[in-house]
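Paired with chain B in one complex and with chain C in the other, chain A is shared by the two complexes that follow.
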Partner chain A sequence: MEEARTSWPLKILVLLLFAFLLVPVLVVIPLSFSGENTLRFPPTSWSLRWYGAIFQNQRIMSGFRISATLATLVTILTLAITLPAAYVIVRLRTRGSEFLYNVFTAPLLLPTIVLGLAILIIFAPLGLLGTFTGIALGHLVLTVPYGIRVTATALAGLAVPVEEAAATLGARPLVVFTRITLPLIAPGLLSAAALSFLVSFDELVITLFLAGPRVSTLPFEMFRHLETRSDPLIAAIAVLMIALTLGAVMIVHRTVGLSKSFAGGR
Partner chain B sequence: MAQADDMHTASGRFGLVAMLLAPIILVNSFVFLLPILNLFRISFNEALPGGGIGPGGTLENWYKLAEDSYYLEIMLRSVGMSLLVTLLALLCSYPIALYVHRAKGAWRTFLFVLVVSPLLTSAVVRTYGWIAMLADQGLINNALGLLGFSPLRLLYNQTGIVIGLTEILMPYMILALLAGFGRLDPRCEEAALTLGATPVQTFWRIIVPLTAPGIALGCLLCFVLCVSSFITPRILGGGRVFLLATEIYDQAIVTLNWPGAATLSILVLVIFGAALVVYTRAVNRLN
Partner chain C sequence: MATAQSAAAGDGAFLSLRGLRKVYTDFVAVENLHLDVPKGELIALLGPSGCGKTTTLRMIAGLASATAGHVMVGGRDITSAPPYDRDMGVVFQSYALFPHMTVAKNIAFGLQMRKVPRAEIDRRVAEAISLVRLNGMEERRPRELSGGQQQRVALARALVIRPSILLFDEPLSNLDAKLRDEMRTEIRDIQQRLGITAVFVTHDQSEALAMCDKVAVLNAGRLEQFGSPIELYEHPANPFVASFVGRVNRLPGTAAGTTVKVGAHDVILPKPMTGAVEVMVRPHRIALGGPSDTAPGANRVTGTISQVAYAGDLVQYGIDVGGTRWFVEQQTTAARPPEVPGTPVSLSWRVEDTLAFPAQG
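After this line comes the complex of A and B, so read on.
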């Protein structure tokens, strides 16, 4: 009965729509093995030359190094900022906890193009444009809201009696936190870290407003490259980025479950 | 030990809360609240040539927006294109969402992962994938050539942007639809079919009304993301299609007219507000 409800025309339609949804990501994989000088799909010859070209492109390599450092730093800062805040919001139930939560997650409601411009205007007179610090601060606008969402969810899912039992048995608040709370929410923290890393590593719009000639990220360099030419170099980088993303997703999936990290999942 | 005892006093608790919240409040104020408030202020400042910001209290930027037909044109283009993309994304997402909603167990999880996987791929990569599809030597035109058709210009114009944005926004639409499909009980459909309704009648009279809240939410999300999207329109439009988001960027980075860019940003936020009002009204009518 269940199967019969989905008719064959619908199944074929769904298959075609899934193909439409996934084809732009899938097409990049064979394209990265193209042996041609320009973009042509399907390629008429195959090679690994574009993977080699990544390592000879100084701008891309420098962008990758900066992006990796930046994402790591931003992730550490995000955890350091959001964990205490989430603790206050979820555990201490301060007056206005909900208000604070809404204010801290509000940046996600605004378009990044507006955030980027707003930050540019504030940063320019402070000399923060084109600096590592400036871009890191710009990324925190996005990673902190995601971080607070995930850590608050993790803390809210933790049974309070466990903490209370430890406190009753004489453990001081800091000991309760480090010995009981922290290990129990470790999966949530790992998931928040993976998400922050990905968001920072992939961020482009805010970076476009804040990056400069000396400091630019990998997505920024890819964007600049694409504005002038569309050779298969970007495909090769894309495949490496997808592999990195898959690794991070596996971490999130194994520890917390993918659907919980997205609001829409049940 | 003295510190632990302090926690129980009101002032000690306040101190602790302040200490724990200090970093996030600092970051939130400095990189979010202050810049956004400043953006509103700047939209009333005079723009000086060469990137300067003149004295405030002027409505000049807003007059320019209202008088210059160029701005009306890009606004209409942005809004019109976003409405079209939203409609296309809805049409393409609805069957997928319905299918995923009806799927069970591991198959459902697998399909769900397929739906969210594009979200985890950077916008630059997905846009590049569309270049490979739409370019003169891309998959679509090469396939057309094999079949003996003349090639189509799909890239560096609005067609390419609409195709690319539809696909890029589909995961958001599907997630919103799925979130709203909770009310859809298979027994209602079965009842309708048992009582003699045709599948088409069942779809329009039962399934669509029950899933309307999800449709409304998905359309709001899609429209808002589309109006403010920058990377995909910029790359697939090749800098030749002028939209609100691309204009904000150009004024901020190329012509260095920050008050002008700020005014356009506020306009985008006003469009967001208008979309939210339409959404709220639609949801109220549904209830």
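After this line comes the complex of A and C, so read on.
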């Protein structure tokens, strides 16, 4: 059997790239089981104490609760905005469709730190700094572009005649939407939701500009923790976050396939 | 233009299009279309791509809005009714099955929308499934079916609601030739058995002629002719219909009375004309003979065979007649091999097989 051959230099290059991307992440895992007081690799003793320490740390636990609430709310809002927007852009094909799509996805092209600064300048006089609402709005700037991309891709994949057929069979527009459109784009909506949740949950840069003493997210608390201490607590949290991310990615992969939902465009 | 149909609403008409017009931002898709479809007939909308046939179908179904004019069904004006209130079954070119539903659920959908009781839905779905011979496929998903089977599901789904009108949008164009012939017969058979009024959009003239009671030929948004297949083929209203429905030799000539000068030859016309004309003769209505054979009471020209294309059932000759290329089709027989290029021949055909139209432009 003749298999597609990849030359050795190319294989080695790919391997090095993977190592470059993954080794730092993988190093975190043994570190999280360290029994020591500092982030030293390799650890000389092992324990689960830092996992236990997570639940003792009030700031981290509060950050987690806020982040989880925030990410849930941001995800719901993202879907509420992107589904109608994507529908208008893909289905109605009005003259402004292309323009709207570009406006919605433009934030993806900007450095997050620029966005953060811009949002800070606008939010400051509105009294939105250090508020839950402010951070949620800031996160939406990042999650809506992803949501639009994924939802528009899902909608574009649904043939118009399928909806028309339902209409000719007697289904009113709302029924067409709930019985035909929604079930058929559900996988796309699920991946949009998973992506929005993850983006919001581990967002740091914009939050750095907006967080305050009353509202502070998990990544923000981790950042603060690292500034003052260098114990393996951070590694333990990181492992839990990796597990959460993997779980979400698995859900998306099982329902739509990664390449299909993230390979943007319409 | 010579449109055969211009009388006010025909008494027997069930579906009537009255001055239907559709304008998109940059072009006119359908222009002032009048058409009457009697109850229980299958009519074709035939024309090249872009002629407005699909747009017309979509206006009948309510999927496109008419810019002007009216769609009437059984005397009721439904021009502004939404598609879900029109009671029409549509079979789409892409079949447009619901990919997330089984065959049975696809077919049941229209009945559920009509709030038909559960037991009756089950019974009617079963009936429809056996009507299109899909027994045993009830629980399959569309993607597990072949193209022909998907087509049958689409047909059953449109039929099961007992629509007042059945609309087909090029339903056979995605099937291979053999299956297409089979489905043609099957659709026609079902349509006649149920006595349902139907409109069939196609660009395939043989499909339109073979299946339909009447054919409306459309070109650039206008109705060129509406008539039975025989009327269209034997008495085309204009050169477009003559050349779109079947093949023709098109020859310029000058007429004086019933005689036309075509090159060096005199051709007799069935009815008198004057001035510049276009003479048309169908390739298979021409008989080939020896160069000196005479054919009393018939038109006759002589030429030399320049090209032979053998297709098994037919052989097509390209024949040079005084500098003009004519095409002639002959049925083949085992008894006689096809002629060879360079052979001098005579071409003869009946006077009544001669079509002539005033030259255009």
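The working rule: the second predicted complex is superposed on the first by the 243 of 266 C-alpha atoms of A that agree within 3 Å, B and C clash if a C-alpha of one lies under 4 Å from a C-alpha of the other, contacts with A are read in each partner's own complex, and residues count from 1 in each chain.
The rule we apply is simple: a residue touches a chain if its C-beta (ideal position, glycine included) is under 8 Å from a C-beta of that chain, and two chains touch if they have at least 3 such contacts.
Since the model is a prediction, treat every value here as computed from it, not as a measurement.
Chemist: Let's test your reading of the overlay: on chain A, do chain B and chain C clash or fit side by side?
Modeler: fit
Chemist: Output check: A:V25 vs chain B and chain C. Expected answer is one of first, second, both, neither. What do you get?
Modeler: Touch status of A:V25: first partner only.
Chemist: For A:T245, select first, second, both or neither according to whether it touches chain B, chain C, the two together, or no partner.
Modeler: first
Chemist: By the touch definition at the top of the document, which applies to A:T82: first (chain B), second (chain C), both, or neither?
Modeler: A:T82 contacts chain B only, not chain C.
Chemist: So, A:E164: does it touch chain B (first), chain C (second), both, or neither?
Modeler: A:E164 sits against chain C, while chain B stays out of touch.
Chemist: Of the two partner chains, chain B (first) and chain C (second), which one does A:R172 touch, if any: first, second, both, or neither?
Modeler: both
Chemist: So, A:P183: does it touch chain B (first), chain C (second), both, or neither?
Modeler: Second partner only, chain C.
Chemist: Please indicate which partner A:P213 is in contact with in the superposed arrangement: first for chain B, second for chain C, both, or neither.
Modeler: A:P213: touches no partner chain.
Chemist: Hey, is it chain B or chain C that touches more of chain A?
Modeler: Here the partner covering more residues of chain A is B.
Chemist: How many Å separate the nearest C-alpha atoms of chain B and chain C in the overlaid structures?
Modeler: Superposed on chain A, the two chains' closest C-alpha atoms are separated by 7 Å.
Chemist: Let me check the overlay on chain A: which residues of chain A are in contact with chain B and also with chain C?
Modeler: Common interface on chain A, chain B vs chain C: 172.
Chemist: Spell out the part of chain B that touches chain A in their complex, as residue ranges.
Modeler: The contact residues of chain B facing chain A are 1, 4, 7, 13, 16-17, 19-21, 23-24, 27-28, 30-32, 34-36, 38-39, 42, 92-93, 95-96, 98-99, 102, 104, 109, 112-133, 135, 137-139, 142, 164, 167, 170-171, 174-176, 178-179, 182, 186, 189, 199, 224-225, 227-228, 230-231, 234-235, 239, 245, 248-249, 252-253, 258, 261-262, 265, 268-269, 272.
Chemist: Hey, which residues of chain A end up touching chain C in the complex?
Modeler: For chain A paired with chain C, touching residues are 159, 161-162, 164-172, 175, 179-180, 183-184.
Chemist: In their shared complex, at which residues does chain A touch chain B?
Modeler: By the definition above, chain A touches chain B via 2, 5-7, 10-11, 13-14, 17-18, 20-28, 31, 38-42, 80-82, 84-85, 87-88, 92, 94, 100, 103-104, 106-107, 110-115, 117-122, 137-138, 140-141, 144, 148, 172-173, 198, 202, 204-205, 208-209, 219, 222-223, 226-227, 230, 234-235, 238, 241-242, 245, 248-249, 258-259, 262-266.
Chemist: Considering the complex alone, what residue numbers of chain C touch chain A?
Modeler: 61-63, 82-84, 86-90, 92-94, 96-100, 109-110, 113-114, 154, 157-158, 161
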